[in-house]
Structure formats: C-alpha cells, structure tokens
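The two complexes that follow have chain A in common; it is paired with chain B in the first and with chain C in the second.
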Partner chain A sequence: MADVQAASSQAIAGPSDWKHRHKHIDKILDRPGPSTDEAFQPGTTVKTFLREQCKILVIGAGGLGCEILANLALSGFRDIHIIDMDTIDVSNLNRQFLFRDKDVGRPKATVAAEFVEKRVPGVKVTPYHGKIQDKDDDYYMQFNIVICGLDSVEARRWMNATLVNLVDEENPESLKPLIDGGTEGFKGQARVILPTITSCYECSLDMLNKQTTYPICTIANTPRLPEHCIEWASVLEWPRVFGDKKLDSDNPDHIQWLLEQALARAESFNITGVTWNLTQGVVKNIIPAIASTNAIIAAACVLEAFKFATTSAPYLNNYMMYTGNDSVYTYTFEHEKRPDCPVCGGESRTLEVRKEWKLEKLMDLLKEMADLQISRPSLSLSGKPLYYQAPPQIEESTRPNLEKELGQLLEEGDEITVTDAKLPFTLGILVKFV
Partner chain B sequence: MIKIWSMKKEEESAKKKKPKTSPAQLRVQKDLTELELPKTMKTHFADPNDVLNFTLTIEPDEGMYKNGSFTFTFAINTNYPHDPPKVKCTQKIYHPNVDLEGNVCLNILREDWKPVLNLNSIMVGLQYLFLEPNADDPLNKEAAEDLRRDRSVFSSNVKRSLTGGAIKGISYDRVLVK
Partner chain C sequence: MTDTPNSVASSSRPSAHSQRYDRQLRLWASSGQASLEKSNILIIGANSLSSQIIKNLVLPGVGSFTILDDANVDPADMGVNFFLQPGQSQGRSAAQEMASLLSQLNENVEHNFKIESPQALLASKPGYFRSFSLVISVNQPPEFDLALSDLLWSIEPPRPQVPLLKIRSSGMVAEMTIDIKELGIVETHPDSIIDLRLTNPFPELVAFAESFNLATTDSLTHSHIPFVVILLKKLEEWKAKNGGSPPSTKSREEFVTLINSSRQPGNLDEENFDEAIAALGKHVWRPLSSDHVGAGGVPSEIRELFKDARCEVLSSHSTNFWLMVRALRDFVDNSPTKSLPLTGSLPDMKSLSATYVGLQNVYRNKATEDLETFTRILGQVCVNAGVRGGSGAIDEDEIQAFVKHAGYLKLIRGRSERERRERPRTDAVTMAFLDPVNPCTFQHHIAFRASDLFYLKHARYPGSSRTFSRNLRNQDLDAQGRSRGSKPDHGADGGGGEGEGEGDPRKAKRSKSNESDEMVANGEAAGVGAGSDVEMAVETCVNHEGHGEEEEEEEEEEKEEEEPCFEEDVRLLAKEAESVIKSLGISTDGEEMEKIHDSLKEMVRSGHCSLPPTTALMGGVVAQEAIKILTRQYVPADDLVIYDGIQQALGVFKL
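Up next, the complex of A and B:
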C-alpha cells in the first residue's frame, strides 16, 4: 500500500513540487470518507485529474475572484483561466490581495494571474482582460467547471444562459457545473447550478434584492438625503443637459460633473454629505464590500469546485445563503427549477416540415399538439417576430408571413420560439426539412 | 469529475433545450403578444423587427385629459425584466406627474418595479395617471399646486394646455386627437 502511494505521488510530481506539498489535500484524496461517492477512485486517478487535466474558469478577479484564485491554486488546481474586464483601482487594494500599489491601472486578470503563478509554483493561470461576451461557445466548451465571482446581474445572466445553451444532448462534456458566488456587505450566497438539471440563475431572478431607488418626485421636489441630490443630478439633470449622451459611471469627468450639480442642489436644500465617493457609490450602486464575507463565500465556492473535480464528497444542493450581520448564520436549501424559466425551462421539439408548406400550416400543426393546448401561438426567430397575435400593428405586419413558404422564412436547424397565453413556458421548435 | 451527465439521463427534462433568444426578448414576446389594450391605447413600432423599442399612444375617453393624445417611448434593455423599461413622454404636457422633459412619476417605473410586473401593468398605470392625476407626487410642481388648490381651475388649465396654450408663461404642445 505504501509503495502504491509513493508511486502515485511521484507520477504526478512536477519539477516545482516538493515533498509533502499536498500532504493535507492528499488526506482527502488518498482514501474514501464516510459520505464519499461510490465512483470515487482514491489515489493516482483523482490526483492526476485534479492536477493535470482539470481545466477551470474563474469569472471575475475582484474581491471574490482574488480569494477564489488563491484557494484554487492552493487546493491543487493547476490549469486556471481568469476573465475580468476591469483595471485595478486604488480602492480595491484593501481586500483584493493579489494587487499592490504599483499595479493600479493594470488589468486585474493579468496581475492576478502573474501573482498566483509566482506565489504558487507549478500553477498555470491564463488571463483574459475583456468581457465574457467576447468569447464564444468553443471557448467555454474547453472547461470542466466554471466559477463566477461577479458583481453584476447582467453578466451572471449571460454566463448562465450561455452554459445552459451549451448543453448538447449528444455530448456529456457539454454539461459544465456553474458555481456562483455573490456578496453584498455582510451577506452572501454560494450556489451550484447544473445547467438544465437544477434551477438556474434565471429561475431565481425574482429573489434578488431590489436596487435602492428613490421615487422620482422625491428626487425632483423634496430631497432630504444626499443620495436624493446625486440621483437628481444623474437621473434628471444629466439627460436634460446632455440629451442622449450616455452617462459613463467609469468616467471621472462625468462623476465630477454630477458631484458639482449634486453639491449645488444639496446646498440649496441644506443637505450635507454629498462627496465624491458617495456620488460614485450611488451612480454605480456600490455596496461596501466586506473582506471576510468574500473569504467565506469564495471558500464555499472553491470547496464545491474541489468536490466536483474529485468526487470526494457530495456537492451542495444547491443554494447556501450566508448572513453575517449579527452572528454567523447560514442556511442551505434546494432552490427549485421554474418550469416557465425563460432560460432553462420550456421545452424543445423537432418538427419535420416541408419547404413548400406555408407558415399557417405550421401554426395549425402547433395547435394540433394535444399535450400543449395551444390556441393562439406567437412565433419569433432570433428575437424577430415571425407571427405575433398582438399588438395589432405587429400582427398586421407579420400576417403576410402566414402565406409564405417555410423554405423562404427558415433554414434547416433554425429554432422558432413559440409563446402562447396558455403555455406556462416557452416552446422551441427545431425546424427539420423533409 | 463527478459524472453529472448520468443524472441528466434520468431526468425527464432531458429533451429540454432553450432557444437562442435572449431572456429579455422572450419575456417581451410574451408580454406583447398577450397585451389586451383598451381602444384608448395603441402601440407603434418604428421597426416591427425591433420589439424592444416602441411608442405607446394614450387617448383617454374620459376625465380631464379627454380628447388629448399622449405619446410615450418605451426602451427595454437586455436586463428586462430585472430592470424596468425606460418610459418617457415625447410631448411637453401640463400634468402634475410628468415634467417638462417628459420624465414620468409612476411608482412601478422605478422604486416599486418588480420582475413579476409586465408591460401591461405599466401601460395601465400610465393611463391611470390621466384619469387620476396625483398632486401628492409632483414632477410639475405648478400643475400639482393648481390641482391641489382648485380642481376646476386645474381642469380648465388642462383643456387649454391640450390645445397648445400657455399656462403661467409656459407653453405646452398641442396634443389634441387628430
């Protein structure tokens, strides 16, 4: 037994490894535990996969991202990719510990990658400074696991929808666990999304905390808080003065202008407390970040990634919320899939049609599907209406399509989106010409 | 790696796959095609292929704003329904809850917006503003003050403003139904 272990650790030892480097991690990987999955193969197999094969993508190199990268590298992941579109700001340095004074202004992804590679020998971190939307399906397909440490709902929705869409019935590798961490002040959450199997990010959209907004009439007439003055400057004054020019919350000149307007208004209403930081905070909807919350949530996320990569313990099912406002409280529950979720809900069917059939005939076929009970279907292709039942103008402008042949309107493999008042989900119809 | 694919095979939902349309667009399709607008409201799409940008015209058939025709632009972003649509009045009108730039004070457009609401709720809310202008949430303070002080004076001001008249030195757009 001892020999086997010696051989196994040698097999996966690189030039930068030293004796007992992974001593503590190996305690988990060399033997099964009481709740280990049956498929767990202790020893060489699992270590080789974790250290030589597993490719993991981290989205976001901010407060959560720095913690996630450090944790991954120290738990034995060696092929890590990181995407972040931001550059380092001086206000990041208190908690984003992979960055130093000299790095201010440089891309977060690049600096984080350099730091981790230098500090943890043998780990390869591949940075990409840019948007997640720059990358295509082929890019995301190369990873085994994706971890998100983001602060934007929009980016999460995009990543979630992309991974759900990636799932290909013919290819088991296309199903990638998505681990999503999020923090707001003392609160945080870590969740596991198995695209198309568990509830997805879009399923839980209605659980999100609302952004702080103030009634527009209060802003316009009866400001009482410094925030009201800043909102007045950004929501009412900016469009009044600059018209269609978009406010860029990352542009210091824009923030400065807002600050000046807000200060003048605050003065006329005897309100104090309008500062540069508050202005930026209100405009960008910044909630103060707490380093310890990030550390806890990042640890939970990386633990899930480790369990997925190694099968060493059951994974989180599927939502852990953490509250540190008073005492330390966590609650884990199974968030359920929403059947009418626009991303993972719904259903897709292949329909065999003839090119010379008219769209009207396809509509009739839909209505005849007894299990669906559709009566007034509306159809679109890539977001553009093919036939809408309402509103009247679109009904009229798309009505001529009913008389057109499917060969003119569609191509093989197109997916038509069908909605109907009676259908509690969205139906996808994959076109197959016969 | 944990073999999650095997779980998938057992799932009945194995055939499910999402169409390549953005969630916002799906939701807008559902909202629009299930709109049941009264004859006092009409939508117009400058480009019928772009369902995320359109205008709504409201022509109240009762109340103080009867005979007026009011147009609002709707701009829906890709984060709908997490974000509410951006709604603005395209005309300069005399109304306590609409300012001279066209900003509208309707709670569900901002602080009370929730993803469970839809385009229909907003349109109904807008129409309600013309039936029951609200002096408590003013954006046009002058108009709100007039309404609070004397409803009949306010009402005749409204009538004059609809024809393009001026009230207290401010001229308003002529918005009478053609």
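Up next, the complex of A and C:
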C-alpha cells in the first residue's frame, strides 16, 4: 500500500531533477563571454543565486504573461510570483497557451501557475488573483526583479511609480530592475528600467500613440463613420435608455443591443459598415494580438531578467522597439531620462500661461499634454481646491472658477497641484505668466 | 472607412471559431485565416527550438503540422523544452511527445509525427518533402539543409513551390534563412490605401466640388465644407491665376495663405480648414513631386512588375498574381490618365453627414467602375492565357483585394541556398557592417558558418562535447557507428491521436548509455523543497555513474562527453572563420574583425546550447514569417534574419 502511494505521488509531482537538466543553460553560466561584466562569478555562485535565491515578480498573466512565466521557469528561475486580476476568456486561447477551453472563466494567475508548476518540476509559482494596488511596499520589496506584461497604461504607471518610490539610497536592495514589455499586432517593445537611474515609464509617456477619440458633437450631430454610430449607441443611447445600469462590454446581449441601435442610426444617415465585429472592437477598444509577437517581446524581457539575475551578459540599455509587419525590424536605443519627469525627475515643471486665460483653458491644455495622459484633472493651490471633479458638492462650488481668468486666481510662481485618477502621483506645476 | 455593407451575416453574433481567433482576425481577416487553415507544415527536428516555433503556429490554427525526427527525448533538451513533460516524456520519441503535447493547444489543428531520420528520408523519398505547403528545418546539418533546399528549389510550376525556413540558435544568438523562389503579395497592409487624386481629379470629383461655394456666408455650411473640396477649389484657383500650373514646393507658403484667405472671419469652428492644411503634405505636395499613388500615377515598384518577364509572357500555369499584374498593366494602358484603379477609401473629415456620404459615393462609384473595367480586362487576360476557368478563373474577393492594393503590391524573389553559398552578395556583406543606427549582427552569421566547418572536421560543435553536439542535431548516429540511445525499431508515421489511448505501441527499449540519464529521485516527493536537495540528487547521480557495471563503455562515453578546452576551440574556430571571411569578401583590417572575433568566442562559450529566451524569441520570429508567407499578407523578411540577444537587435540581410 505504501509503495502504491509513493509511486502515485511521484507520478503526480514528477521528478524535480535529472542528469543533464541544466546542461544547456549551464554553458552560459560556467564561463564568461567576451562582453560579460567582470563581476560575473561563473559556476556555483551564479547558479545558486538564479535557482535558489532569486525571487521574481511577473505582472500580468495574459498574452505576454503566459510566455514570460513558462520561459522564466525553463530558464532556471524557481521562485516566481504572478499577479493578474482577470479571468480567462475564449478570445485569449489564440495566444495564451497555458489555458485550455475547460479553463474559461477561471482566474488567469491561478491556472497559469498550476500549469507551469506541472510542466516544469521544482518551480514554485505563487499566484495572486487581484490588483497590483492591493499590495504594499513591503510586498514589492521582497523581489529582486519585476517584469510587466500588461496591456494597461494605468497599471504600468502605477507599478513604475511604486518602484521608483521604493528606492532608498541607503539600501541598494531597494532598487528593483523593472522590465516592461508591450505588444500591438505585429509590433511591440521591451525595455529595461532601473528606477531613479535610467529613464522610467513616465519619462516616455509621450511616445504612446494617441488613442482614437471621437468628438461628442460629431457623434451627436454629424455621424459619418460606422464608428460614430457605435459610439452614439454606447455613449449617448445606453445611458439615456438604461440610466445607471452599467454597460458590460463582455456581455453579448449588451453588444447586440448597441449593434441594433448603431445599425438603425447608420441606416438613417446612409452610413455603411456597422458590424458585430466593429461594434465589439470600438466598445472594448480591442487591440489585435497574436502569439508570435507576444513570444518575441516576452522572450526579450525574460532574457533581460536572466541577464540581471546572472550578469552573464550586459543588460539592454534601455529600449528595443520591434516591428514585424514589413520584414523584421528592431530599433535599439537609449531613451533619455527626463529631468522634469514627475516620477523620477528632480526638477519641477513650469507651465507658461497668460493672465487672461480662463482656468478652463488651462484644464484643456493639461488634458492635451501627451506626456501626462490625463482626462479628468482636479486642481488645487496650497491645499485649496481650484477645481475638483468630485465629490459633486465641491465640483459644484468650484465650477465657477473655470470661467475665471488665471490672473485672478493665481500669482507668478504659484505651484498648482494636479491630481487625476490616471496619475499614480500628484503633480506640481509652477505657473509662469507670459 | 470600412466598406462592409450592413448585412445580416456581418451583424450576427460571431461563431465560436471567430471568437477564438478574434484578436488575429483583426490583423489578417478571414481570408488570411482560411489560407492558414489550408496549410500543412513540415517541421524537421524535434527539439526545444522547434517546439517554440510550432507552438506559435498551432495557436493561430494552421491546418496541420508534422514533426519529422527519429530521435528519442534527450534529457538535456527536456530541461529547456516546454513541450516535453518530465516524468512522462523521457525515453520516448521526441517527435511523438512534442506533437501530442503541442496538439493540446488547439483541437482544430491536425498533428502528425514521423519517426524517421530526415537524412535517410530525403535520400529514399524526396517526394515526401514536396507535399507540404512549407518546410521548417531546425538545427539540421548544413549539408542536409543544402540538399533539401536544392530539392525544393527544383520544383517547377504547375506544382506549387515549397518555401523553406532554416533555423539554428546558439546561446544568445540565432539565425534564420528563408528560401522563397517567388512570392507575390497583394495585401501588404500599408499604413493607408487612401488615394484622393486631388492633383489629378476625375470628372465626377470635379463636378462634386463645383457644387460648393467657399464664399458662403452661412457659418454652419462654411465650417462643414470637406477639406477635399477646399483643396480642390484652391488648386483650381491657383492654376487659374498661374497659367494652369499647380503650386510648386517653392510656393508652399503662398498656397497656404491662399487657403487661409477663404476662412470666415470670426468663425472659430473651422477645423475643416485646419484639416485642409494638415492634408497638404500627403495629398498635394507628395503627389505633385512624385508619380506615386495619390497623383493618379504608377509607382516605380509597380512599373517594374509590368516589365517582368512573368507579366510579359503568360501561360495557363501563370499564378493569379501575375495574371492580375498583367490585367493591371492593360488597365493603366487603357486609362485616359494612365492611372491605377481607384481604391475608393476616404478618411474621416469634418463635414455634414450627407455631404460626407455624398463624397464617399463619388469615390466609391468611381472605384466600382474601375473594378468592373479591371475585372473585364482580367477576364480577357485569363482567356488569352488559356487558364482553366477562363474569364471567371479568379475569385471576386481576390480581385477586389488586388485592386484595392494595386499601388502597394510587393514581389519577393529570393535566392536559393546554393546561390547564397556559391555566389554571396559581397556588397550586402559590406553594408551589413555599416548600419548607422542599429547594433551590427552580421558577425554571428560568420560564426555559425565557421561552426559548421568546425563540425565537419571535429564531429562536434565548438565549445561542446561530441555527445552534446550530436544530440543537438538529433543526428542519425547509426551512420557514425554509435547509438546514442533507444531507437524505435522501425520508421513510423503517426498523428491525429492515432497512437493515443493505446499505450505506447513503440515503447522504446533503453540502451546502456541512456540509463545514466535516468531520472534522479524526486526531492519534492520526499517531502522537501527544491534547492540544495537538487544538488545532492545530482551528486548521487554522478557517484552512481562512477560505479557502472560496464566500465569500459562508461569510459568510452566519458570521452565522448569530454568538455573541450575553450581557448583551443576559439583558436580552431577562428581558423575555420578565415575561409568564411574570405568567401564573403570581408576586409580583414577593420573593426569587422573585432566583432567577428567576439562572436566566435561567444559561439564557443555557448557551444550551440539552447537558451530558452533565445529559442522562444526565434520561435516567434519564425512562426511570424511562416504566417506571412502562408497567408500572403504583410511582407516577409528577405532572406537572412539574425538575432543578437546580447545587444537585443534583429538584423535582416539579403545574401
């Protein structure tokens, strides 16, 4: 009986090690290459750190995350943590290869961790199904390296700001390399951020493509494209008909309703091209995603993590852009740190304004700044609200300020504090009248 | 901008199939997906690199794949191969294990394996290799790759050509060469296919513009005049004042002033004028200064196609691409303005709904008219060429896609492996070392080539033992008088789950040398974590090995497994590199040599090992190129791609 049990438990767990298991990777770890740093300690030292001590955190268990996890495990990382707040959808299965049809609806982090632990014996993958914001500084402090495979700008900004703020000059351990990957269709990028030392995510925010937005007056009055009709249905018709009921873009019945409204509107304006596919694409802001691009970007990220954990080769300094639609192309360059970066820069930012401008104009200006990416800023001066988006009472009491001229509200050299749901920090802006 | 009609079909809920593939259908559409699903791919070599490639082909749903390899699972490879299952896969056929585990990623894909030596099969049954839509050869000996390339290159129409991708990796570097005889691509997916013809308007467009009055006093009307109309009118006005000639690049500012002069004073809502000025570069200056699309001309790349022998001389074997190129040439010849057919796409612009739809119809009607003319001409071309199916030989959707992309067609005409080796393009090599923007990667190609020569002499890769090297190539070792491990008794085909559920019909016998590769007892099962127990386990294994029963054989094996001397291998490899450098015409006194020498050292250090991030990255690149070739969409690399993970750069060279 005991024998049977032993045998079956072994069959489930699988052998955790075998001769030649590390043969491939050890070749890189047993000897330096021509570009390897002098600090590299080949052999046992580096292997022990990689396989027994290094603790790595992966953010996102989606298209990039699945690739990153599997690849880290194969590369010899054995203490891997993964955070993801999503559950598995059928449209994930064309690339998120740790998931199967039977897993649809289950948390991504848990399923991914189970699969990798089964396939790569001896690896411990600790999942957390939830938000990155649920965790505090102590939690993030335990890791040696963080890799982000996210599709959200906001989450990246938060993670970036958190790791920059974690840096304590007295404690070298507090500096966590952040490796960030992102893809869209055949394009992607991988980058390495050494918080406070190299350019951070916030420094390069103006490189993001501007999201397509449709002016509300076009949607309401002069629709021309099928997209305008779909936006009309989701932004104007849905709240008008359903009041506070939230639109769920994952609910096919909701999409169906929007489609019907959009179709009717399109027909009345002789507009063609409204389809289910387009409706879903516009409402969910779907970004095309394929397995191959994810494999490329995730692999580049893991190789950088491997370099950090082993110093077997110099790490990327600091940005690699990839495009695969016309031949294959990478552009590798050093993105410069911004001295006035609101997260990692020391200098404060100055904004030139005119005294006769109204506060509303200043608000519009802030919203248009590509390096800020904010949509609903609240402004205050020395703790006193200039304009707050919420709560409703304060919004109402500060609204008249929007019509006031800046000369009435501010003085030269005043520092306005800007907050926004999308900003993981409060931003100070010095006023300069011109 | 979509032209899809509001039909019942397109407004119904998506099928399970479209839901699964939604994120990729938004890139290559159902036509590309259909091509993928029709394809059958052969992958030669069952190893960690090929498993990464196959994964990225199974996920998007190719029709079928076959893994060809006669080797059993190599314990070293199992340590870096995600599609082998430790505790289950060891001792079994690598091709079969991988095929089975990879098939779990997508039930729609047919999976096969063939347990036979690629070399032997190429000699005995060359026809086998010609029956696939694409062949991917992974970590195979260069002699084999060359023979395979020769075979596939010799295929002549009407048999469809079989593109060949050859891939290898070593540590943090990897390379792929693509053999494509010829690939005509229609859907190249340019950033935009908008062709407004402002500088060369057709009569219906002129008439449409004439119905507007820029001097209207009604502010709502004025601020909704489409920018296309503003520009057409202003170009006319300019020409009237300047003896019929259009504005030149020198008079840019004056032309902008002329446009601004029609703004309505005090009207703050005139984004249409902003749009007009913003559109000048793309839709006025560029068309005026070149013969490009937009001016109603024919781009030089397309003119080249018109002069091609395949366009001149058609036959019943001509591909659809060339039949349509010929029809395009005839279309342009017949066009009064010598223009390509109009795409009919219109960007969004500030205007009233009815105005926009009206303008859109002007473009669309003209595009439909051009499409009809083109289709008629194409029918005649097909009949004259004697194509089966006559004037209706080509599908309507295919014609439509072609006409829309007529200004953006791409022809890839590759070189064979033999041409590359015997007559390398030395000018490309010189250029390869002179990239002003990105890190140089070409030195690694030289290192790979030198490494091949090294193997021929020393029966191993530089930096690696004989056993390790042979396992990398999954080579048929019987030919060299040694058996690496268990071999199935006979060659076998399998697939589609054929072997599943009936145990393992070809359960391999284990030979002596494999026994030492046996799994070491599991640390976890004993109730302890990984870590130091792992080391203990390895130690046990080493000790055990020392007390083998047949020590002679062990000694022999040790010799085969002996790790070579690093410095000596670097020296030997550098010697081999000399002839490669000479054959590529590289000057030996520049910075090139330093790069090459560093690459050789790195090659010896890594000893052709499989590093998971490198194989994963290459797996992505190879699958992506395969998908581009199979769907005939987007533009594949031509023809050598080199990845350097140390510098994180990919280089493309045409050797």
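The definition used in the following text is that the second predicted complex is superposed on the first by the 298 of 434 C-alpha atoms of A that agree within 3 Å, B and C clash if a C-alpha of one lies under 4 Å from a C-alpha of the other, contacts with A are read in each partner's own complex, and residues count from 1 in each chain.
Heads up, the rule we're going with is that a contact is a pair of C-beta atoms (placed from the backbone, for glycine too) under 8 Å apart; a residue touches a chain by one contact, two chains touch by 3 or more.
As the structure is a prediction and not an experimental result, all values here were calculated from the model.
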Partner contacting more residues of chain A (chain B vs chain C): C
First (chain B), second (chain C), both or neither touched by A:K187: neither
Chain B versus chain C as contact partner of A:A298, first or second or both or neither: second
First, second, both or neither for A:F306, with chain B first and chain C second: second
First, second, both or neither for A:H129, with chain B first and chain C second: neither
Residues of chain C touching chain A in the complex: 1-6, 10-14, 16, 18-27, 48, 52, 55-56, 59-61, 74-82, 85-88, 90, 104-107, 171-172, 188-189, 224, 348-354, 356-357, 437-439, 463-464, 468, 516-525, 529-532, 534, 537-538, 541, 566, 597-598, 601-602, 605-607, 609-614, 616-617, 619-621, 623-625, 627, 634-638, 641, 645-650, 652
Residues of chain B touching chain A in the complex: 1-5, 7-8, 11, 13-23, 25-27, 29-30, 32-37, 42-45, 48-49, 51, 78-79, 81-82, 97, 99, 101, 103-105, 107, 109-111, 113-116, 137-139, 141
List of chain A residues in touch with chain B within their complex: 37, 39, 49, 54, 144, 153-154, 157, 161, 164-165, 167, 169, 172, 175, 177, 194, 196-197, 202, 205-206, 208, 210, 213-217, 220-221, 235-236, 239-240, 307-309, 311, 315, 342-349, 376, 378, 380, 382-385, 388-394, 397-398, 415-417, 419, 421, 426, 428
Interfacial residue positions of chain A with respect to chain C in the complex: 6, 9-11, 13-25, 27-28, 31-35, 51-52, 67, 70-71, 74-75, 78, 90-91, 93-95, 97, 100-101, 119-124, 185-186, 190, 218, 222-226, 252, 256, 259, 263, 266-267, 269-278, 280-281, 286-296, 298-300, 302-304, 306, 313-314, 316, 320, 322, 324-332
